[in-house]
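All remarks here apply to the structure that follows.
Residue numbering begins at 1 within each chain, and the chains themselves are lettered A, B, C and D in the order written.
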């Protein structure tokens, strides 16, 4: 057993987190920052943070993840990081020539109390910021919230730094993308295009962390929301936030700053969440839903109907981020599966409320968020009563092996498989991908473990 | 062991086929006929043929597969099937109201020697064929060739029956689709659209055997090549045949009938075959390749490069149809995999020649086509020296279990999994799907069977 | 009752669409039932060309259904590749051996893969060579040869070839052929008959060894171990101490057929496919047969009681009651759990030659009314009961199927029980000795009974009466489901089962409860198709 | 030679892009090698803020590298969740136990997950509670506590907490802390030093049990069992009859550290990460250390011969030669097989603190020239050799790292061998006793040596000199590969390995041969990007 010390016996933990279902703010800020075209993320802290975050993102996306660091030393930790950041800004603009530096803090610089506004102001005063270039920042103390919070903070900083309202609104809907894969964002944009809705998506990782191999290294790949588009978000007539944990703050900020009203929807994972997204976009972009989209939806329904008996009643354990776990659980319930265990390290009451509603017909379900809502907890539940399927990031693979349970990889990070940044999980097609993966995982297990006379030649 | 009687000891079989890698002509004719909009396939033979073919196609596509039969009895077998077919034509047009009846023969009606032209002529004379409706036919004796031959014959009958040359050629390229999934055809059409090439695809199973659930049964789903388009193929400036075994005959027929020149390319499975298709289409439709397509290609290369070490040198056994096996083997070789065994029941020298060329750097490779090139033969080879991966239709699952070998489903029929008619294997995205599936299969096996200390957290 | 729709208008509505002659013919196959006064239904007649039918062919009935489930015979399809291919692993015939040393050829497909030259010059030599290769590679104790359409036409004599090959192997291998060309008869039914005849001629009575217990020795006829039904039935018999000598043919072996005549009672499940064997076993060996249904928990209990009554053994009667009581606890619990979801729903069953009847018992246990049913290849006796047998006219299609006349095997015949005795028992317990009452007496008044349902009729049935669940086969499955009605395959149970016996009933309860409560059916319409879209209006 | 490019222009070209001050600093870290006259290189100094570096932090070096591979200690990260999360299962530290009864905590991540209130009010109480919970759930024999950045700043005293908790458990659990905050030092290197100090203070010398053979007892220092390297090394030692007392720290246990002082010789692999322990073992207990390299087949043979020479035992010398001869057969066969694909290729290695040196041996065995190399966290002695140690200036960043002064353990000290004797052996066999000659003496004249390579420099290196293979870490991997150059990770071997010892060499040969002959690199350009497209022209 790889996790041989995990037993069904729970104790009331108050301090120790074991096998977390979350990580820290800055990695989220870094990820979101890469969704702005021409932007170099900058980690204001020890160089270890930057190294860890770049490594984590790289392992997941199998793509270059570029970011700089203030390379704090003990000296800077005592005297503050001003000199480091100012020098970093100069070095970066000179050597790496980004359009934007998106700095985020760390637990180190936050604990010290570095005043980012002041430091960037000083850099500007010192002439370190070339004309037409930008240094933006967000505060991402690692001891508050999680990687999702960091993502949300970065997205809000885009709004704070760029969104501008001119007197004339445009017939454009902003799509604020929660934490998802580039492929997921691409799929949402494809759907928006199918509706002939004019949209601006931010952040937009498409073309950044799913970039082609063309024989060259592009420090700033083709994708990402442009600064120009980001500025224009202030003139859009409406904003749809996809995933409240990662985008609601940005939506509120944009409304306050530029009077763009907004609606929060879930990240469109699964049938119903996609329905709601399509309805919202159709309504707010004032466009009808074309037959092609109805067709896609119908094909998903068809696939599900054809496979319903394989899914019905199957017990699932999940872990990940609330913005994806919520619609994912809803989707599983609509497949008549039973999401019996769910944990997310990201705190927040919304998760509890939504899950309670979604799982109202799954009375045996246990779910938990925030501190110590970790994978050890979930595994203990599994030890108490097993599940038919695991859905979550790569860290589930040891549980999958120990418990010989089918496992569909979903979320962040996925380090031991490829394809997640190529094949969407959003929209109707993404939901179909999910269903196909789930069925494949269940049947592969069945085909391998059932008695020989029970091996099925058909579904 | 499910196939416990299979041993490495080969004998020189001359008569007995065991576990065939092929089936009979009519099922191919039925499949292709469904790719004509408003067409009801008709099996001129015993009702068992029709039942078997409908069942086989239904199990694979998990979609309604409608077709009628002449319901031969012993009497018709003695006296000929004229009365049956004439009555069938009347019944069908009255009850099921298709635009076209596409009749194909069976070994029964072929052995009797029914003259289809004469019978259909009689039906016409008897007023059984309503104005504007069509009865077309092809000869598909089950004792000649295979299901692929039947497909090819049906496609040729479309040309014979409909393609018409008017004095003016149009800037349109015909795409004659070989036997592949609806999703594969959709992907090829998507690529053609991306190139802004004007094309007519035939047959076209898109929208037919991947139809949505909308609460209604549509006897004739939205998809399929229209009769009008089919007629217009005679005015196209060029034809690209995708897969010589299933489309070359139609291309030749069209050239002879309407003077439309053609080029044969492989079904675009894998990098190089897709490159050749894109080049051919670009050249003959006189359109440049847009950056978006280059980007898709680069993303595939990127995925492959990132995964190269997992694929290198892996031994693969394959079975299926030559039009897909050829480009698939080529793709595997370009991934540095070793397709060591390949069988197809479909006879033809082209397979031998192409495989010899493709596998020139895989000297240990064994491949065989035609009679007794069956799965028993391939399994015997595997018993002699094992493989790392199986790629083929559902009939491989017993080998996969007996030999504990990873298995990627590909080809026809796939009865125990879903998704093959949703997720393309053609084009760059299809190739990426394939790579992701192959890697998933290999790593799932590794994750499950490796010593615990060797379980990998990364790729 | 909410679901009490008027079904009497169906026939006239549905036949409207047909050409006159067709309408006339089809009208006779569509009746509104009256259990008190069973109407005549037309059955076992040709399907009209062009009509989209559920039916298959004689080869399918012979090779696929009857011989398919037997594991230790090499079944060679003599013909072009298709027929062998389509009957390979597609029927979920499960089988189990205790070790890999035992033979199991079910996973293999053997074919002579006839080519055009074989059609022109004859295929007998190729067939002989194929047998030789099968022997060299598989060394089986028996080989069956199945004729496909062209074989009969070109005149290949598979029986002669079989004889010659047996001689070549010094009669150490039992080799025999089946003239089951697809064009024979009007449906699979002819294939069953042909298969039955050959079983009788080549296997039954070959081995007088009496294996197992000498008490309560029975045969099970017309059970094909779809989804593991036979395993459950075997479990129940074993638990009751009943010795199952042979099953025709779920989870069967050649030697069990050879010893079938050592049993003392035959139970007939699928009357249509196997009653010939039951009759022959009685004529030749004196083994009485009774009709049973092991589909449904109550039906299973009833069947067990029949057996116990037949053997007139207090010990067995007590044991059977004990087993029933024990098993019914779980069954009742499972039933109670799902009844709230199933009660009041309606079903329609169109499949096979007995399942459309048997499964009504299970639906009844679930509180689900069967409002329409019919067979794919049943005869009038399967609908109306064997009482109509004398009045069935033999038409040309049936006449072409070999009828064999069996006579008493003087050496082996043994009267198990006198007719008088049987009738005496019958008075107390309705054994259905030598009898099958058919589907119609059980169905409610007015319910639709339709033979050889066509696609058009199915379409109309659903359009007019939208049932909660429809039972048919794979060809119908997605057609029906596109209309938003879940379809349970009763040929092969989709991938479910067993459904026989007690545990099978529980499985069925759960599966049906699942199907009628699957959420996706509520999602067929997109929200923008359901409501008037309200567009947001902005000033900009 | 085709690949003989002029590397002398690199420095001036690459630093052009930097701001002046940066250029001046970076220039000192980029030298053209001269093995005859080793140039001075700037190393172990701060990375300039804003420069994209390969480096990580002190925590990573301490918790991730040194303590990570030890299986039976519960390592609690005291800090916000990130640091613990990122060091969880990301280094491929393999370990194996004979049964599930043995402890293995490597698969777990433990963290106090500090929240803002802990930052404001202090985290010591939470840490104590976390220790209690770890004990209740896991009952480990040892617990390590690792400080992250804010811990030092807010003044949590992890050492005091550790002491208190040990007392709470009656000193039955060994609990100790590490002040390895990420901002300390300039790279991971500081973390190694801190880890080494605590190993010495809390574990080494704790247990005088002499386990295993009493002959040829050695420690292996600076080996981390990436990809199973330690398993291969253990295999070789066992085959030679050499007793491996402790490995720091591949596949290690707490008790092996506690008994390390019972060995008679220390082998140092990664000089940078562990030389402190080697020196302390010599000072306190009298165990001499020699530098070895077990990466490369020839190097492994050389290391074995050093050990045999040190122990001056004919039996061992003979055994070692026998093992080398036997193992080298397969090695040579594997090498010959790939040489045609690899000979004449070029490599660049930028990684870690010793691998960029060690792996040059393997590349040399493949006929691959290393044209550029450098460390991520090396010191000058790792480049130029320990001879420069006296001339290294201690700067502020290094001064902040705890230096511990060790003295002879009078009870346990035992002189294994006199200095004189060692020098006598050294004359015959170059033991590298107490010595490390560094990377530069081995590299060719003119080759580039670059410390703390920046992204910009890497980009230029590839642009200017396109090597056939590049070795670095995960952050560099896809950057380099986008440029069409395959990158081998030498931190974690991608998912390959072992690469140590003889079988490891074979693995490496095959993997590198594969990488330089992977077909996909030829497909980077689309055909329409390569050739002038000829459009077909039609009259229509």
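Basically, a residue touches a chain if its C-beta (ideal position, glycine included) is under 8 Å from a C-beta of that chain, and two chains touch if they have at least 3 such contacts.
These numbers come from a predicted model, not from an experiment.
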Task = Could you tell me which pair, A-C or B-C, is linked by more C-beta pairs in contact?
result = B-C
Note = Cα centroid separation, chain A vs chain B, in Å, comes to 39
Ask   = Taking each chain's centre as the mean of its CA atoms, how far is chain A from chain D in angstrom?
value = 33
Request  = Report the inter-chain centroid distance for chain A and chain C in whole angstrom, where each centroid is the mean of the CA atoms.
outcome  = 54
Remark   = Multi-chain contacts in chain D, i.e. residues touching at least two other chains, fall at 89-90, 478, 481-482, 524
Request  = Give the residues of chain A that touch two or more other chains, as numbers and ranges in rising order.
outcome  = 1-2, 59, 62-63, 211, 213-214, 294, 297-298, 301-302, 305-306, 398, 452, 456-459
Request  = Considering only which chains touch which, label the overall pattern as line, ring, star, complete or other.
outcome  = other
Query = Can you name every pair of chains that touch?
reply = A-B, A-C, A-D, B-C, B-D
Remark   = Note: in the complex, chain B contacts chain A through residues 1-2, 59, 62-63, 207, 210-214, 222, 294-299, 301-303, 305-307, 394, 397-398, 400-401, 415-419, 422-423, 429, 432-433, 435-436, 439-440, 443-444, 447-448, 452, 455-459
Message = Could you list, by residue number, the parts of chain C that touch chain A in their complex?
response = 89-90, 92, 94-96, 228, 478, 481-482, 486, 492, 494-496, 511, 514-515, 517-521, 523-524, 526-529, 533-540
In the complex, chain A residues that touch chain C = 168-171, 237-238, 271-272, 275, 278-279, 282-284, 286, 288-289, 294, 297-298, 301-302, 304-306, 308-310, 312-313, 333-336, 451-454, 456-459
Chain C - residues contacting chain B, complex = 17-19, 22, 46-60, 76, 79-90, 100, 103-105, 107-116, 118-119, 126-130, 132-134, 136-138, 148-150, 152-154, 181-187, 396-397, 400, 455-456, 459, 473-475, 477-484, 524-525
Ask   = Where on chain A is chain D touching in the complex?
value = 1-5, 11, 13-20, 22-27, 42, 45-49, 51-56, 58-59, 62-77, 83-85, 87-92, 94-96, 106-108, 110-112, 141-144, 146, 211, 213-218, 345, 371-372, 376, 395, 398
